[in-house]
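Worksheet: the structure to be examined is printed underneath.
Labels A, B, C and D are assigned to the chains in the order they are written; within every chain, residues are numbered from 1.
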Amino acid sequence: MEPEIAVPITSDADILTARQLGRQVAARTGFGEGDQTVIAAAISEVARNIVRYATRGEILLRPINHGSRRGLLVVARDQGPGIPDLTLAMQDGYSTGNGFGVGLPGTRRLMDEFEIASEPGRGTTVTMRKWARS
Amino acid sequence: MEPEIAVPITSDADILTARQLGRQVAARTGFGEGDQTVIAAAISEVARNIVRYATRGEILLRPINHGSRRGLLVVARDQGPGIPDLTLAMQDGYSTGNGFGVGLPGTRRLMDEFEIASEPGRGTTVTMRKWARS
Amino acid sequence: MEVPILKLGAYLMASIQSALTDADLLHLRDALVDQVGRFRSRGVIVDVTALDVMDSFAARTLSDIAHMIRLRGADTVIVGIQPDVAMAMVQLGLRLEGVATALDLEEGLAFLARSTRERISGGA
Amino acid sequence: MEVPILKLGAYLMASIQSALTDADLLHLRDALVDQVGRFRSRGVIVDVTALDVMDSFAARTLSDIAHMIRLRGADTVIVGIQPDVAMAMVQLGLRLEGVATALDLEEGLAFLARSTRERISGGA
């Protein structure tokens, strides 16, 4: 199994670190430049949500395989306040902060697989995968 | 009874094959060009859902009669993951992928009759009919 | 089925010749977004006259193309949507909102001539 | 990482050199809105060529900059959005609607020259 990289997210600057590491791991995994940018953008969105809504958390990055396909697993998790209504949070334009509200639905559009789990008071976990084009 | 055409759907290119065959069968059945395009568009949507969400499945095309009326029956079926909440899936704008979420509700608007059945873990079947204007 | 892209002075023209698979459409998108910078084009025309059907994936991809090209500083116009195709699109719920359209190539060129002049003179 | 702002005659040019934190972006916004008045600038160019990613916060901040500068009586143009960045933005749902864009610095300067001339001659 490939090593996993864990990036602690506690500040603005960690958002940059996470997306830059994500881009590097994606490049090593065989993603083209376009997909590297897509992955970096997705990481930027979920990392910012951690800082903004949960104060702290972490991003895990792991290269994965499915048969001969290479991919990247990105997990963003925190023990913050959680999201009471996930259906609402996944809607374009919905924001309890002052964002555009495109972070979560947009990130789903960027990635091939996207799951979000959240328990109010316990935290939020976003699990997403992107597969390299062969 | 008219012969039935079964189009296996496993790839991008099969979406084109299915909608082009659908157009041909519709033309032979007596549909005008406008309705041929409507039928081709409906087939395109359900065929893409098979590729995207169920990986593989098939489209059945059969000319039908009701009294003196001629029509076309289109069945799209797969043994994919199924749809847990059909009411939600039939809503405009609802997508678990990265589509517009208009595929299913839009297809219902295009056709005269539309039914969808799905069992989680067992697959999805869309049954729809269009009647030629006499 | 690759879509040929022609360079017409300051414009690029992509002329769809037949039905396209989803992969063909994505390829067209990537090629246009790349070439608009390479050739410093001011406008892009996508001619869909030969398209048999515009389904939700094609509509989304054309809309994405127009917005991506916009971010690269140029304008896009979709030309040649046939009457039957337009009718099926609207019934499906596809409206190409925020995307410029014109009847045919001639009108599309006229649109770009105006919009790029406009853009130059500070409109928009 | 502070963004240098250059004064080019009647224009200000902010040239982003690398990835920026949210705080850097807000700092850039405040500095531009302040300096456009201080230097009585007629136009602002923000060059994002070096930006690795334009996420929703960066897009919102650039859009805010353009609208704030507009309220101060000057024009803004964003230049240098790279093909990959444009593609990821549109997939995210970020369109920078109502914000002028140009391919690169040269096109951005040409845009401002024409838009500010228009504005002076009473157009727009």
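Keep in mind that, in the parts below, a residue touches a chain if its C-beta (ideal position, glycine included) is under 8 Å from a C-beta of that chain, and two chains touch if they have at least 3 such contacts.
Not measured: the values here are computed from a predicted model.
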Contact distance in steps, from chain C to chain D: 1
Centroid comparison with chain D (C-alpha atoms), farthest chain: B
Centre-of-Cα separation between chain C and chain A, whole angstrom: 32
Computed distance of Cα centres, chain D from chain B, in Å: 47
Distance between the centres, which are taken as Cα means, of chain D and chain A, whole angstrom: 28
Sites on chain A at which at least two other chains make contact: 34, 109
Where chain D touches two or more other chains, by residue: 83, 85, 87, 89, 91
Residues of chain A defined as touching chain D within the complex: 12-13, 15-16, 19-20, 23, 33-34, 36-38, 40-41, 44-45, 48, 92, 99-100, 102-103, 105-107, 109-110
In the complex, chain C residues that touch chain D: 29-30, 33-34, 36-37, 40, 64, 67-68, 70-74, 98, 119-124
Residues on chain D engaged by chain A in the complex (per definition of touch): 19-23, 52-57, 59-60, 83-85, 87-89, 91-94
For the chain D and chain C complex, residues of the former touching the latter: 75, 79, 81, 83, 85-87, 89-91, 95-97, 100-104, 107, 110-111, 114-119, 123-124
